[in-house]
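Chain naming follows the written order as A, B, C and D, and within any one chain the residues start at number 1.
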Amino acid sequence: MKIGVHKIAMAAPNDVSGLKCLIDSGVVDPATIVALIGKTEGNGGANDFTRGFATLSFQLLLAPLLGVTPDEIGSSIAFVWSGGCEGVLSPHATVFTQTPSEVAETPRLALGIGITRDLAPEEIGRMAMVEAVAEAVRDCMDQTGITNPQEVHYVQVKGPLLTPARITDARARGAALATEDPNGSKVFARGAMALGVALGLGEVAAADLCDQVIARKLDLFSSVASTSAGGELKNCEVLLFGNSPAFGGDYRIGHATLCDVIDADGVRAALASAGLVARLGLSSADATRIAAVFAKAEASPTGVIRGRRNTMLSDADINYERHARAALGAVIASITQDPAIFVSGGTEHQCAPGSAPIAAIVRA
Amino acid sequence: MKIGVHKIAMAAPNDVSGLKCLIDSGVVDPATIVALIGKTEGNGGANDFTRGFATLSFQLLLAPLLGVTPDEIGSSIAFVWSGGCEGVLSPHATVFTQTPSEVAETPRLALGIGITRDLAPEEIGRMAMVEAVAEAVRDCMDQTGITNPQEVHYVQVKGPLLTPARITDARARGAALATEDPNGSKVFARGAMALGVALGLGEVAAADLCDQVIARKLDLFSSVASTSAGGELKNCEVLLFGNSPAFGGDYRIGHATLCDVIDADGVRAALASAGLVARLGLSSADATRIAAVFAKAEASPTGVIRGRRNTMLSDADINYERHARAALGAVIASITQDPAIFVSGGTEHQCAPGSAPIAAIVRA
Amino acid sequence: MKIGVHKIAMAAPNDVSGLKCLIDSGVVDPATIVALIGKTEGNGGANDFTRGFATLSFQLLLAPLLGVTPDEIGSSIAFVWSGGCEGVLSPHATVFTQTPSEVAETPRLALGIGITRDLAPEEIGRMAMVEAVAEAVRDCMDQTGITNPQEVHYVQVKGPLLTPARITDARARGAALATEDPNGSKVFARGAMALGVALGLGEVAAADLCDQVIARKLDLFSSVASTSAGGELKNCEVLLFGNSPAFGGDYRIGHATLCDVIDADGVRAALASAGLVARLGLSSADATRIAAVFAKAEASPTGVIRGRRNTMLSDADINYERHARAALGAVIASITQDPAIFVSGGTEHQCAPGSAPIAAIVRA
Amino acid sequence: MKIGVHKIAMAAPNDVSGLKCLIDSGVVDPATIVALIGKTEGNGGANDFTRGFATLSFQLLLAPLLGVTPDEIGSSIAFVWSGGCEGVLSPHATVFTQTPSEVAETPRLALGIGITRDLAPEEIGRMAMVEAVAEAVRDCMDQTGITNPQEVHYVQVKGPLLTPARITDARARGAALATEDPNGSKVFARGAMALGVALGLGEVAAADLCDQVIARKLDLFSSVASTSAGGELKNCEVLLFGNSPAFGGDYRIGHATLCDVIDADGVRAALASAGLVARLGLSSADATRIAAVFAKAEASPTGVIRGRRNTMLSDADINYERHARAALGAVIASITQDPAIFVSGGTEHQCAPGSAPIAAIVRA
């Protein structure tokens, strides 16, 4: 098998013309699409509806081509959107296909997709969620034929948070929850999913995990997890990317850790890990080898970046996640020369506190 | 003479403790302070009062030390503030002093400060403003002993715009104005001041200038001007920085042109122009040689950056200037390793459309 | 004929469950739906995609019920959305149906819907647009059987503005445009459509109109027009509401003029015009008689409201339209006791400068 | 004694010309000023520096007139600012003076000002703060000669919150805090101060209070408290307003409870409580009798207002406090016909959950 990587520009959240063009011209067979990861131009907050609009628009494009209903698309293709195109970040989607292929001489980009069972409200943000994600991660590794967790470079997970309705339901049943604050539950859900990745990949030991460490003991973490939580989900969806000897194709993936949102060395380390040595002033030829970059951006927990006070967390006009994405997105694009990159927020148990993961897919 | 460069962090717009500490410890003699250029943590818009609060706070610190009233400080020290600390930009001020010194072997950082006469409303954004600024620029060159305009690297100008009161006054006198829109007058004022710099430095020919080209014929420009307009001013204040054989001290200044807000090569070119070759991964020793960076950030006029659609100009939540400053500030800081840099917006006749000036002061 | 008025709450821009419920329960026959006017919870600006998301969602609900494609819905049902639920404004849609009915003893709510031909770019914001709208207005009056323009109380028009593509097209053909600024064209388009209403209803004389008065001579206006412009349209869609002797049913409509965004007397005048005398502390019974309220909100052009300085226009964080909608929406809801009301922005040639139209539909 | 009430407009946070004019013309003797309560045009959040700028500006005006330093002004005049002029709210200050006077036939507006001791970090948001405020409230009642707590209508308290520095200090001493989250401490501080007012006025019984009820058992509350917390304070400052038989002058104060931000009846009830019956369409003569209005605005804790969903709490672009102030400010101004009113946010233990206090000062 091999994974195809197709980046398409979007002129609006409902602009699916880029994918339609690839399909019409025969470059992409819709039946081979397995996942789509993208940025939309909303505010990235609770009232950002550009993500849902984009998903619906792609479902409406693909459903007739695949002979299913728009709703059914969701069970065969994973959609991951991050809202918020701050600074230079450009709305786009990266479409992943999987097609038969010879293996290559060296391990190549592989993608495994796993789904957990639906989780009860009292399982969200707790060990049950950690264990369900860990199991899905192991299942993804089996799919990809990757046996060495070091060859896993990026694990995107999205899953449920506690909505008011779920909290009411749990109360009625007398079930204890991680928190009774809907917004506060994001932290626990993202944290539990990240620890699930860490457990599945052996980055943390099962013995060190319990409900009490989730979103609290932050020196337990995964270096490759990128997690998000939304009220529309009941189960967790795992997209595991790595390099597998069982896959062919042209791409390799690598990753690194960003120490802060202006860590240019970290960006270059991710490219190097994927096989591209980014010298000063990347050549155009090298720049076009970069197929996709995925990173998390976070405010400095200390309020200080490189010894200077940062005002993200005290800004009442612009949410700190928007400041952080604007900064990191510009730094990455200044190196890769492409503003169509995936930068999202929220890093509980995703790298050590203050740092964040970055992954890059590069043409071999 | 020599110019001293002292960067101080600010914990709030009224935090003058950094300068007080330098004065108390004898590092800075308040009588030698000639200018202060800084960033404050407001929104950078018409209702950003952090700039005025900072000026008042520094005036209150310095007035008793200099034996003058707070108001009188303004005539001996030039204050330039840009509001808006987006992304990683950190609130700070760079304090410039001028003290007697031997000359050095090579030209060193020099600063000339010029003031125009008060301008009538009908002169704002028109040739009278261009010519007044050009004359002040020439005066600044005389002060610094710089004869070759190529050795001028950064000219910061601030001056008046058309307020509603001034428009009313002009109408009463039957005087024709560049525009009758107060906000729109910023564009004309900034443009006229930039053309004034260009004329003063010989970057444009007098014969090519007339009222009609201001803010319209944008292929006429200065490569080193950085201008801003505010309703509180009646005259223009010019701060001209260059390298002069008549000055001593430790600093040199250089400049370059940024082709967009992620132009890392442009940032490195400015450092190189000032004498610091920024290899990949600047060493800590080299990073500490960078005393100050001044740059302008602008949205792409085409709505495209490196071939990708940019959404700054269509964002109704966050002003495009804030997006642009966040992006450029992060890119510069990712290279210089210091987020306390001066990035402001509005680039009419300041480099070619879409590009922007950047200057750096580096310890020799 | 009679017009049915059904207000449905929306839990999100894509929440069509309210209408689905009315259809499932037999209250609304989808084949009788002629128009839908609503508020969505976006920012109301150029990057507000909640309007498109809502339209698509309702099209997907109705298309299979009506045996047409989602695209075809647009030609049989008029959708009007205003983004921005500031203050207490609540996301909702008002669905209008038209069904056979006996006439009533007195004139009742009538709705005429008219469509202009597609307009060329050079016609947008100019007399051609004024005349096309006027013709559609007259056509709507014919449909409703209203002969006295005084019985027309609310004319909602939406139509095209100048997009970058249209401007390019016109330039290529050498056609002169109202403006070459896409955002600035909104003002001309809204103004021309409002003058079209005024001309169609005889509020202004044809002899007083020409290209030069549009968006400039603001003492020419309609007291009942409410217009909006969007890049997705090529023609103008007119919804004319009045009271007609040819219509039956339970509703009457009335209107008034608001002198500013806190004009509670103006709100009560609109209710009284529709037949509901709003005494102090409206009774619950009376409050439930109010089926819908439609109003325009605007910043004070003088920057002063009731003798006090207003800061809407100088706020760089929140667009003035959002301030204005928040204020007026709260004032109306404080009287009608229902925050699900339609308040939108932009009032060129819609009432005298500084004032704005308000209409109310009340159960007889 | 009598209390003078002087409302002055402000053209900017540092515009003290209104008070200067009153002083210059002899209307206000600066030595008689005891308090100043106003609104500034910032964002009302943690990075709103307009409050500090206003305080400094008034201190600089008054210090030379009173022969003291600007810093010393703070100990003789209480300053209370609320940032955020959303919707129609207009920047202004209400200056209170106290001068000798005959008593009137009926009780008149009285003002008592109390100061607590400095509070240790571990006392903030806990019973020590409650008790200190209660004692200051009783002291204020003694000052005013009010013996019946029913005659107290508005108690404005401002006091300290937990800053990072205080939290660090407390940890070093092993002292337990109400919370270790600086932002979260606002809730505890405002709540404790409100319960202090309730205890001082006998609205709650001492036996019902303990650390655990603060910010948690919200059915314990004061109907007249309005509290705010800021990092710049170490002690609490109490301004108690009521009607006293020991005071003369022209003013009376009253209060009421607002059930939500569009509670026009509540606004009228406050006016009536102060002696002004607000019939429909207040006459100009009656409107000018209203000297000042003070109210708190809050988002609906249920997310529903008058049966309709409200989106304030899910808006990631505009803070809910800004939405709430915009709405309530417009409703009040639509009745009083004056947008220069004091509306601030945060209502823990200030009226029952979801409701909020409003007070009005009216000329007899």
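Keep in mind that, in the parts below, a contact is a pair of C-beta atoms (placed from the backbone, for glycine too) under 8 Å apart; a residue touches a chain by one contact, two chains touch by 3 or more.
What you see is a predicted model; the values in this text were computed from it and never measured.
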Common touching chains of chain D and chain C: A, B
Longest centre-to-centre distance from chain D, chain (CA-based): A
Length of the line joining the C-alpha centres of chain A and chain B, rounded to whole Å: 40
Approximate Å spacing (C-alpha centroids) for the pair chain B, chain C: 46
Multi-partner residues of chain C (at least 2 other chains): 41, 43, 47, 311, 314-315, 317
Touching residues (chain side chain C, partner chain B) in the complex: 43-48, 311, 314-317, 319
Parts of chain D lying in touch with chain B, wherever the complex brings them together: 12-14, 41-43, 47, 49-50, 52-53, 56-57, 60, 317
Chain C-touching residues of chain D, taken from the complex the two chains share: 9, 11, 41, 43, 85-88, 90-92, 261-265, 268, 279-281, 305-312, 314-315, 317-318, 322-324, 326-331, 333-335, 337-340
